[in-house]
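Next up, some structures in structure tokens.
Okay, so subunit A shows up in both of these, paired with subunit B first and subunit C after.
Here is the complex of A and B:
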């Protein structure tokens, strides 16, 4: 266990070295937030309720998106494909360390760092903008929200890691073509741009079968109290289902991949 | 260019055997040199022994383990050092990687301190452990890589080009260190290198591989007996002589007055030597075995192996 703690620690130290890069990343998320924030503010100028959302609910939603970008979407696993393609994976295969746990540790480090910065930034922006927000008082809903966030983080980690593994067969994934596509699809399908229930009903129904909407849209809707208890449990079951499927897929792909792995680059 | 466009639509694959029928056994505590020209299959073999590559057929057993299964007990007892791959964290001081490896290999505190002290002293790197790896020189980094790989005191060590890019002083130090490590820990070591100097200094036994097949496995001196069918007669002339005469005597390898070198079949040596003394103004004459470098160069340049 302590080996993975050391990975967390080293990753943390790395961030302290790469200050500029990290700050740029944070600035980007703040700008992303402000863009969407002002867009919705304009939409609500002449309306009280839009797409079934009140102003406070939407503003809470997009603030929530910002949190979940740090807690769920932020991941370091975009480096997995490159390591496999360059043959750097060998360095881990030689040592008694699990490659997936190694990356998970790095992600934990990343999330701790991100959330630390988020709290400071959010405090400043909320103080300056003073938006109307929804404060959930129901402890049970808060608990469900937290559970769904943890599951969402695991889900994203699994999806992203799995995506990286295809470098065993397609070394060009180091260039990030597939990663780029993944990120764009993810942004949209997870509800990072707008709440998904404003889409046509059949499309929304379909998205609820896929894992993506559970990364952002679902946890935030739980928090906003828009879901019945049955719907919450349904959602958690779907998440559990996808976690099992992805876990199984990772195992399969990893084992197959190692057999074709040629440990290039000496 | 046309080939690249074509490969976008229809790609042809060709099966290449990187190693084929490579069999050898190495005893505990042996230090074996593994040599061959570029692309011969040296690194491929080491990767099979380390469990990085999955062999399509054949059996690999190291310390009684199948490396491919990558069991923790196995990994804790061996290390592969690749001259051109870094495991050090590029942006952190080497010390942080050492601590990580200590945790990964579950090395007890006391032992870690002791090993680290020994290694840093032997390799003279005490001062650079706290410096960001990216700021180190190649040689310094190579030494730190070696330390990172040895912190768990592996019983079996595969060194792939450990002296690549090092200056002569460092090369010597690295060699001394490897020798010392082998002696002190009774470690079994396989070493690949392009520098015959390394191999000559370190290894009693060498395995030569070419085009994926083993062409020689035995003591270093035996290479000479097995492959050198000729000897070198080197002559120092007292005064200039007519070069035409040389060719009548035997095959001239090199002539640069006053040095004259013949390469002569073993059985012809006595006769040729007598002729040289008789027909040429000789100041000095030596009969030598050809150097190992020369023999191996000849081997690699497409001579048929016996």
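Here is the complex of A and C:
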């Protein structure tokens, strides 16, 4: 356990080495938030309710997206493909360390660091912008929200790690292309740009089958109290299903990948 | 005569670099398909979002749905044009960190040209053609009101936007020489410029002024479309050219200063 704690610490130190890069990354997340925030704000200048959302609900959703970018979508696993492609994986295979736990530790570090900065940034922006927000008083809903966020973080980790393993079969730069496509799909299908229930009903229903909508849209809708208890349980079951499927797929792909791995580049 | 020779030399260098980068894309065909799909989906997703949102509310900050869509199309045109010709900035960090910039500095060619224009993106070339066709059809169908002088101003301001974007890229390259960190600086530029996907009028003060006078994303992305639709006064047109000139001048001075800080590390 202590070795993974050391990985968390090392990842922290990496951030401190490239301070300017980290500050710019944080500024970038603020800009992404502001773009969507002002877009919705101007929409509500002449409207009380849009797509069934009140102003406070949608602004809470936008702020929530920002939180979940730090807690769920922030991941270091985009480096997995590169390590496999360069042959750096060999260094881990020789050590008494689990490769997946190593990356999970890095992800934890990443999320702690991001959320720490997020709290400061959000406090400043809320003070400056003073948006109307929804403060959930139902403790059960808050509990369900927290559970869904933890499951969403695990889901994203699994999906992203699995994608990285693709490099076993594509050791050139194809994994970079698939990562780019994955990020675009993730941004849209998770509800990072807008609440998914504004889409046509058939499309929205289809998206509820896929795991992406449970990364951002589902936890935020639980928090906003827009789902019934049955819908919340249904959502948690779907998340559990996808976690099992992804966990199984990672084991399978990892075992098969190691058989074709030739440590190219080392 | 000398100028003609210089232009010919630079065109030849650019042609050779472009041929090399195109070959790379052709070799990595599956990667190219994935990247192209990603670019296409990103465009479609945001367009869908605009249609859904502005279609429901009928207007955005006083602009009609078609006007908002045209702002978005213009944003894409400028963004792709800049990416097409200045993609080399993404490879600049490795040049500085490895010390390979030395190899460019000693050659009889402009360092900025060699560094920024060394990687012409074939995928951007593929995406810009259907985009332009789509824009022409969109305008020809009369979805927005425009005048002949508007078209001329639009084209001039697109060129002006490229000059301004070039200045931003030179600033980023300068930061890269001084700090060895380029990646997030260029992505920061991409994110700030992405605020121009919608007209700058959407943003409240003081952000609107910030995006007009300090980091002139309004000049970069919003003003060309406004000029075409006859919504830009001549004072703002003059302002656009002046501020681009000032930024280009400032960026070149900064670049010269940055080169004095270059330590040729790792070479």
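Throughout what follows, the second predicted complex is superposed on the first by the 263 of 266 C-alpha atoms of A that agree within 3 Å, B and C clash if a C-alpha of one lies under 4 Å from a C-alpha of the other, contacts with A are read in each partner's own complex, and residues count from 1 in each chain.
Following the convention adopted for this analysis, contacts are C-beta pairs under 8 Å (C-beta built on N, C-alpha and C of every residue); 3 or more make two chains touch, one makes a residue touch a chain.
Since we're looking at a predicted model, the values are computed, not measured.
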item: Which superposed partner A:94 touches (first subunit B, second subunit C, both, neither); value: first
item: Subunit B versus subunit C as contact partner of A:172, first or second or both or neither; value: second
item: Which of subunit B and subunit C A:137 touches, first, second, both or neither; value: neither
item: Which superposed partner A:27 touches (first subunit B, second subunit C, both, neither); value: second
item: First, second, both or neither for A:180, with subunit B first and subunit C second; value: second
item: Which of subunit B and subunit C A:18 touches, first, second, both or neither; value: both
item: Partner chain(s) touched by A:230 [first = subunit B, second = subunit C, both, neither]; value: neither
item: Subunit B or subunit C, by number of subunit A residues touched; value: C
item: First, second, both or neither for A:38, with subunit B first and subunit C second; value: second
item: Partner chain in contact with A:201 - subunit B first, subunit C second, else both or neither; value: neither
item: Subunit A residues contacted in one complex by subunit B, in the other by subunit C; value: 18
item: Partner subunit B, residues of subunit A touching it in the complex; value: 2-3, 5-7, 10, 13-14, 17-18, 87-88, 90-91, 93-97, 258-259, 261-263, 265-266
item: Subunit C partner contacts - residues on subunit A that touch it in the complex; value: 18, 20-22, 24-25, 27-28, 31-32, 34-35, 38-39, 41-43, 46-47, 50-51, 170, 172-174, 176-178, 180-181, 183-185, 187-188, 193-194, 198-199
item: Of subunit B, residues touching subunit A in the complex; value: 43, 47, 50-54, 70, 72, 75-76, 79-80, 82-87, 89, 91-92, 96-97, 99-101, 103-106, 132, 160-161
item: Complex contacts: residues of subunit C adjacent to subunit A; value: 28, 30-35, 37-38, 41-42, 45-46, 49, 52-53, 56-57, 59-61, 179, 181, 183-185, 187-188, 191-192, 194-195, 197-198, 202-204, 207
